[in-house]
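Shared between the two complexes below is chain A, which has chain B as its partner in the first and chain C in the second.
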Partner chain A sequence: MAHHTHTSGSRDLKMARSMCWHCQSEVSGEYFCERCVKVQPVSKETDYFTCFGLPRRLTIDQRKLEAKFYELSRAFHPDFYQNKSEAEQTISLGNAATLNTAYRTLRDPIQRAEYLLDLEAGSVKEIRTSPPSDLFEEILELQETLEAYRASDSASEASRTLRAQLVAEQAALEGRKHALEQQLQRLFTDWDALQDRGDAGAQACAERDRLLKQMRDLLSNRTYMKNIVTDLVATIG
Partner chain B sequence: MSRIVGIDLGTTNSLVAYMKDRKPCVVPGRSGRTMVPSVVAMTDNGLIVGDPAKEHLTRSPDRTVYSVKRFMGKGLADVQGELSYFPYSLTEKDGVIRIQLGAKTYSPPQISAMILKELKQRAEAHLNESITKAVITVPAYFNDSQRQATKDAGLIAGLEVLRIVNEPTAASLAYGLQEKTQGTIAVYDFGGGTFDISLLKLKDGIFEVLATNGDTHLGGDDLDRRIADLFLNEIQTEHHLDLSAFPDHMQAVRLEAERVKVRLSDELKTQVTIALPDGKGRYTRELTRDQLDALVMDIIEYTLAPCRMVLKDAGLTPADIDAVVLVGGSTRMPLVRQRVRELFGKQPHCDLNPDEVVALGAAVQADILSGGTTDMLLLDVTPLSLGIETMGGVMSSLIRRNTTIPASAKEMFTTYVDGQTGVDIHILQGERELAQDNRSLARFRLKMPPLPAGIPRIEVTFLIDANGILNVKASDMRTGQSQSVEVKPSYGLSDNEVERMIEDSFKFAQEDVIARKLIEARLDAGALLTTTEKSLSEGSQLITPDTMVAIRAAAAALTTTKDGNDPKAIRARMVDLEQAAQPLSVAMLDESLKRNLQGKKVTEVM
Partner chain C sequence: MAYSDKVVDHFNNPRNMGSFKKDEEGIGTGMVGAPECGDVMKLQIKVQNDTIVDAKFKTFGCGSAIASSSLATEWLKGKTIEEAQQIKNTDIVQELNLPPVKIHCSVLAEDAIKAALADYQKKSGDKTEAAQ
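Our next item is the complex of A and B:
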């Protein structure tokens, strides 16, 4: 299977050896050419973890991430390239934009996990259009209550009752969402532990696939839940 | 690298600042005042800017432009609701507002350029060097069109605008430099025409904007209008006078409203006096601070909704904010300070001069760009979501609001019909679902290779640069070739128009110089004629009749030339007269020496 080549040990091999755009000397992923000290464009193949010099793990030290973000911002921000050549200014602009996207993605645990899934399993983010099976009845009922509330006269007693129901439902859904996030957190820890072992055996591979699948399912359930809550909040204000 | 100045181009006042010995300082004018009123007046002798133009507000209201910042990057329909407040007349051409001044119309960037030029000259006179580069500040909540219009204004004024900086962020730089604080700060910026609220994290010299919000059409102007409306209504009922027929008096009321508001920041009550037209005497009343507060309370409340929103966006509560910094003249109002204190639960910081802090911050940013300051870095955000119109008139967001800039997003486009040669793309900015409820920024047509439907793959990169301004690039993923994209702004000047305005501005500048030289030459010629006349009356007995005739002839020639329009000719005739009158001057000098020596002993002279 294709994703087996993406174990943490092979990460360095992925980085394409290339040439400095300015002096043509060899650069291998460094941000500045060792010979002419010119800034190098961050390669499209460089993933966000590599960009920040981090291993592909789902638990990240936020303070370290921020410190690295500030350090790289000082290296790439267009403010510091005002006196440089146009080529360097263009590279600085592109690198800074990539860096900002990378930071935004890695900073948020959910986005980070979605990004890692994408890297590891090449998945396109699955958008769930029907409720998860265990929630089917409840969601259907909620949709009916929502519609009844929208159609009701806001001053009536019935409307107040419906509203109270919806408020209770919102709390229940948020509780579920929170439980999902805790479940996800446990999977994140399991994933990191598996990666740390660096085991490439058949059993480890099966475990890896299982974790990826579970994370994907939970993430899409969580997104579905989040959208329902957003819709609910927008309706009851 | 040549010097870069920092400019605060404000709704009511503008300032220019620079870095001196690692400290920002504002350039004073000849009178010592640092603020240039953002007012431009068309007089019989040409355009004038600043304090002298302000005097024309009541004298020739239809030819005196103020608060032009409210019109930057806007179409006429955007400002329909407030047109009646402005005594000058506005029209529209190609989606850009034009302001009628005498026989000509000017776009808001052209008017702003006149203010920028005044600041440029002020800086040049103070620093004794030519200034061609600047950092200009804008409200954080300015959209792409408004930012672009500001950049155009700079170009027209002969300034290379190296950076557009958000006003509250600029203020945080000046604050951070002075206070050396770390932590999370809120900058509440309530100016003459705009309101911004920004939350920033200050850590190790990095100024990271967490979120920003605001209203680009809410400021001191609105407070003045509310007060002016009260006076106008009372004048109507008490004196049976509708002042709207008297533009000069309308301006007098507006200016008095502003003065009253300013006075009530220090006093608890004040006297209002407005002269009425047609010999109807005066309107007078007393206004207390409590009455003012009640009058404008709801406007102040409008600023609090964005404050709550910005906290929500940043995921913070008031308790997380370590300091609140006040910026903008309107924050001098005690009611504003009180409401801000109540919302954030802490005493706002008001040690910095709220009028100057933005310009000072702009000077700091200018110093960062020129390589002088290397330990500070600003990481700003885009205030509004950027997206494109998709099927069904819905906006699809590509870059969310409060994303750190530079920011980029890529989108792949293909065709739906065989042989289709283009796809129309409509770029939007805003937070609403439907395209029509958001701000239209620009449109462009993406060229497609004529292939079966779905085969072409054109990747479009939307990049918001460090100025918060959008750049669009497209490339064919199949061939790897990039495509030039000609974006037509929905509310802005085209490159050609800006080009033409720069030329015009240069031409005007030359005309201005000639006009000034002429005025100076005439004044000098007048002075020379007066002194010559005086000398002739005192010393005609000392010179020959021939010299006398020569002097008279030269003086007559100068008198004639003086009324012409050629400063060079006037200067030449002045030289002629001085030469002709030289024997007279020499003779008079000898005469006066002789007179001084008479009656004195030789020893005294020796």
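Our next item is the complex of A and C:
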């Protein structure tokens, strides 16, 4: 063990390293100190993928994520810290909370993508893009129809016509949202393939920025559509 | 979280809701959205002799977003282009007493004002160029 601690410094240069809060020996990205076996806090710099030992990809092994989450949830479970020091209780509780958030974020493909975009945005400053005016006009118009329907007398012919119109709009929007999600899925695959190639050339960089921007656009449009669909469903049920 | 009285008032009695025809003379249109929450805001100004004579909005979003844009249209009326540029989201926050989680609604309203002004200036600039 002592030997390992001694040499790990030169061998795993890439690993985030810090000191054990308890015995001051070096700990390298693990949750427990190798020497004194005390629980270590998840570093603020550790991204959610690293938390679960997963590569930073948009398609992930869901079963592996779940298994690792359960394993870590057990490792940090308050029951095991009842007789430990206050510091250890605080750390394990903090870790459990962080991992809960991390799990919820990575479990959902859309949230996972939003998160990855946040991580990657540092190098693609301002992924902001021009707003989709046509979609906005459509949403605002649809909202007016919704309001007219809400204000109408439900027994009237006008109300029935409006309702039929809204039902059709909802189906159309859901179809478009689905198509958009499939398009996103293709971008996810392209993104992962690009990462797997590990190419840092100019062309790869341009491709990377293009993918990030496209994903940003589609994710935003999806949110706008999702909101109006939610409103539609709430109104016409 | 409870909305302030002013937010509730603007929400229940929105000022200047509606729209102008985009291509009409002196109209500037600002269309903005918040990808995080999905709110959409359209704000339009009608300009005559460098003064905003009328303003209208349509907003799809929460009460604070509606109140922010409603208030913005009220403030815009009677202002010159120059004066309108000075409206800050923090003024809206203060007037409506928006809590921290709703500050982004005021930012959206400021963005909408800026976009409408920019659209008006672009359109009137194009016209001057064409006339020359």
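One rule holds for everything that comes next: the second predicted complex is superposed on the first by the 202 of 237 C-alpha atoms of A that agree within 3 Å, B and C clash if a C-alpha of one lies under 4 Å from a C-alpha of the other, contacts with A are read in each partner's own complex, and residues count from 1 in each chain.
Assume a residue touches a chain if its C-beta (ideal position, glycine included) is under 8 Å from a C-beta of that chain, and two chains touch if they have at least 3 such contacts.
Note that the structure is a prediction, hence the values are computed from the model and not measured.
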Touching partner for A:S156 - first (chain B), second (chain C), both, neither: neither
Touching partner for A:R104 - first (chain B), second (chain C), both, neither: first
First, second, both or neither for A:Q62, with chain B first and chain C second: neither
Touching partner for A:I228 - first (chain B), second (chain C), both, neither: second
Contacts of A:S220 with chain B and chain C, given as first, second, both or neither: second
First (chain B), second (chain C), both or neither touched by A:Q143: second
First (chain B), second (chain C), both or neither touched by A:S133: second
Partner chain(s) touched by A:S85 [first = chain B, second = chain C, both, neither]: neither
Chain A residues contacted in one complex by chain B, in the other by chain C: none
In the complex with chain C, residue positions of chain A that touch it: 131-133, 136-137, 139-140, 143-144, 216, 219-220, 223-224, 226-228, 231
Touching residues (chain side chain C, partner chain A) in the complex: 31-33, 35-40, 42, 58, 60
Residues of chain A that touch chain B when the two form their complex: 70, 73-74, 77-80, 82-83, 93-94, 96-98, 100-101, 103-104
Parts of chain B lying in touch with chain A, wherever the complex brings them together: 1, 162-163, 203-204, 206, 368-371, 374, 377-379, 403-408, 463, 465-466
